[in-house]
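In what comes next, chain A is part of two complexes: it sits with chain B in the first one and with chain C in the second one.
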Partner chain A sequence: MKTIMVCCGSSMVTSTIAIKKLTEVMKKTGIDAKFVQCKFSEVSGKIESSRPDVIVPTGSLDEKLTAGIPVVRGTSFITGINEKATIDEIIKILSK
Partner chain B sequence: MMISDLITENLIVTGVVCSNKEEVLKQLFEMLYADGCVEETFYEEILKREKIYPTGLELLGCNVAIPHVSPDQVKKSAIAIAVLKTPVIFNRMDDVNLEVEVKVIFNIALANGGKQVEVLQKLTALITDEAFMEKVLEAKTPKEVQTIFKNGGKK
Partner chain C sequence: MQSVINGLNWIAGLGPMVMMPIIMFVIGVALRQKIGSLFRSCILTGVGFAGVNLTINFFIAKVSPSVLAMVQTWGLKTDIMDVGWPARAAATWAFPMAAIVVFVVLGVNIIMLALKLTNCVMVDFWSYNHFIFGAALSWYTSGSIVVALITGGLIAAITFKLADWTQPLCEEAFGIPGVSFPTSNSIGWAPLAWLLNKLYDKIPGFNKIKADPTSIQKRFGVLGEPMVVGSIMGLGIGILGGNSVGDTLIVAMSTATAMVLTPKMMQILMEGLIPFSEGIKDFLNTKFEGNRFHIGIDAALTIANPSVIAVGLLMVPTTILLAAMVPGNRLLPLSDIAYMGMWLAAWPVAFGKGNVIRGYISCIIFTCIMLLISTGMAEIHTQLAISGGFKLADGMKLISTEDAGTHIIEYIFSIINRFFAK
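Up next, the complex of A and B:
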C-alpha cells in the first residue's frame, strides 16, 4: 500500500480536486494507494505519522518541510495544463 | 448540489474596473456579506491567505483567480464572480513569486469545503474550458453570466 499526501493552503478546496483525480488514476493503473489530506502547515507533523511515498502540494510548498520525500507539484490538477506529465511523474515514483 | 445552485445573479459583477485585486476582493466580499454568506472577517482572511498561498491560475485561455478561505469563515455556501474589464494582478498558486494578470475572479465560499467535491470539480472543468470562459468574458450582465453557468453546468 502506497501513501500519497495531498496538501493545499488552508481550506481543502484544491487538494480535494487533486485527490478526486488521483483516485481515478490509481484505480485505472491498479496502484493500491491511500491518501492523506492536510494543510501546508500540517505537512511536517503528518509526515511523521503517515510516512508518505510522495507529496503532492497543489501550490508552492516550502520543500524544507518535506524531509526528503519526493514532491510533485499538483497545480496541474486544477489548471489541466500538463496534467498528464504530473500523473506520469507520480506513477513513476510510486512504481519504484 | 449543482454548481448553478451556488451562483446567483446578486453575487456576480460584470464590467468591473478596479486598479488592484484588493479592490475587487472587497467588492466580492461586500456582496457575499450582504447576502449573509460569510463572516465579517472573511475579507481580511482572504487577503491574508492570498499573501501566503495565492490563488492566481495561469490557464491556456483566460487567467483566473479562485480566492477562498477555511469553512469557518462561511455561513452559507456560494461562489461570487467578478468579470473584469481590465485585468488585475494576482500571484500564482504554483509559484508565489510569479504574477498573473487575471480577468475573472471566483470567490469561493464553501461551508463544508471538501464535501462539495462535485461542485469543485465542475468549476475547475469550466474554468479550464477556453470556449466556455470566452462566453463568460463576453457577458454584459450578471444575469448573462448566471445563465452561462446554468447551461454550462448541465453538460
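Up next, the complex of A and C:
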C-alpha cells in the first residue's frame, strides 16, 4: 500500500481535481494507493502521522518542509498541459 | 424573457439541493458531456451542496446563541457572524442565473482571446463562482438581470486583464511557469499591493528590512490548522458568552466540527463539478494553444509560498484585534480566519519579493478594507444565503464571510449598480 499526499491551498478545490485524476491512474496501473488530502500549511505537520511515499502539491511547495520525501508538482492536473510527464514521474517513484 | 424568468423561479423554488443538479445538467449538455457520467456528477453536486448546508446550519445553530450573548454582554459591535467561505461559494452556485453567467464569462474569454485582448485562457471552472457572485450582488442592488449579466462579464474582462499584467510575477513569486491567477477576489487586490510596494521602496530604512518566513511558520504553525483555531475560538466565544463549563465545551467542539466537516462536504461538491472543469479545460486548451497563452488557474495555489503562509499565520491573531478596533466593522471573523490572511497575502508577498514585513503591513491594510466590505455586504449576503437554504438562528439577523469582503471589484460594481435600480 502506497500513500500519496496531495495538497493545495484550501484542501478542497484543486487537490480534489488532482486526486480524482490520480485515482484513475492508480486503478489503470494497478498500484494500490491511498490518498491524504491537506493544505500546504499542514504538510509538515502531517508527514509524521501519514508517512507518504510521494507528495503532490498542486502549487510550488518549499522542499524544506517535506523531510526528504520526493515531491512531484501536480500543477499540470489543473492546467491540463503535460499531465503525462507528471503521471510518469509519480509512477516511477511509487514503483521503486 | 418572462417564461425564462418563470422557469428559473420555479426551479429556484425547489431549493438549491434540487436546483443545483438541474442547472449543472443544463451546462453539461451544452458542453456535450456524456449523459451517464453527467447524471452522476450532477447528483453528486447536489449531495455536496446539501452537505455544506447541513454543516453550516449545524454551526450556526450551535454557536450563534453564544456569539449573540457575547456581543450583548460585552457591548461589542461585532454582531455579524462569519460563516465561512464554503457557505458563500455554495450559495453562489445556487444563484438561479449561475448557468447563464458561466456562458457569458466563457464567451467573454473566447472573444477577448480571439481579438487578442487577453492571453489568459481561463480553464478554472471553479473560479467562475466569483463572477457569478459579482453578478448576484449586482442583481440584488439593481434588480435587473441584464445589469447583473453585463456586470459579470465586465468583472471577468477586468480580471483577465489583471491576469495578463501579473502573469510574469506568477513564475517568479510562485514558481509556476505558464500560468496566471484570474481568480477575481485575489487578483483584485494586485493593483493596491503594487502601489503599496512602490511606497515601501521610497521609505528610507524600511526598504532595507528583511524577514525570514520559516521561523514564523515553526512558531505559529498550529494556527494554520483550522481545527485547532476553531476549538480555541469556540472556547473563547463560549467563555465570553457566559456559558456554563459544559456549554462552553459544546461551543468549542461545534466550531472545531464545522472547521473539519465543511471542507469535506466542499470536496464532494467539487468532485461533482470536475467533469465541467475538465470539459471547459479541454475545449479551451485545444482552441487556444501556443506560447502566447497562459493558463488561468485558481489563486489558491499562491498559498504554497512560504512567505504567504507566514504572513497568513501572523494575520490570525491580528485579524481578531483588527475586528475589534476598526471603526464601522461589525463582522466577527471566525470560520475564514485561518485561510483569508493567506489568501490576501499573495500579491503583497509577490510584489515584495517574499518580504514578510511588507506582506504583513499590506495585509493589515487589506484586512481593514475586507472587514468593512464584509460588513457592507452583510445584508445581501444574508439574503443570498437564505435563498441558498441556510437557516439563521433566533435573534441572528445578519451573517457574512471574510471571503465576501475579499470581493473588492464585485463590491465596487454592486455599489455603482445601485443607480440602475428601478
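Just so we're on the same page, the second predicted complex is superposed on the first by the 95 of 96 C-alpha atoms of A that agree within 3 Å, B and C clash if a C-alpha of one lies under 4 Å from a C-alpha of the other, contacts with A are read in each partner's own complex, and residues count from 1 in each chain.
Criterion: a residue touches a chain if its C-beta (ideal position, glycine included) is under 8 Å from a C-beta of that chain, and two chains touch if they have at least 3 such contacts.
All values reported here derive from a predicted model rather than from experimental measurement.
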Clash or fit (per the criteria above) of chain B with chain C on chain A: clash
First, second, both or neither for A:8, with chain B first and chain C second: both
First, second, both or neither for A:64, with chain B first and chain C second: second
Chain B versus chain C as contact partner of A:44, first or second or both or neither: second
First (chain B), second (chain C), both or neither touched by A:78: both
First (chain B), second (chain C), both or neither touched by A:89: neither
Superposed model, chain A: greater residue contact from chain B or chain C: C
Contact residues of chain A, present in both the chain B and the chain C interface: 8-14, 16-17, 20, 37, 40, 58-60, 73, 75, 78-81
Sites on chain A touched by chain B in the complex: 8-17, 20, 37, 40, 58-60, 73, 75, 78-81
Of chain C, residues touching chain A in the complex: 86, 123-124, 126, 174-176, 178-179, 214, 217, 221, 224-225, 263, 266-267, 270-271, 274, 277-278, 281-282, 285, 295, 297-306, 309, 312-313, 339, 342-343
In the complex with chain A, residue positions of chain B that touch it: 49, 52-55, 57-60, 66, 68-71, 93-96, 108, 110, 113-114, 117, 120-121, 124, 128
Contacting residues of chain A [partner chain C, same complex]: 8-14, 16-17, 20, 37, 39-42, 44-45, 57-62, 64-65, 73, 75, 78-81
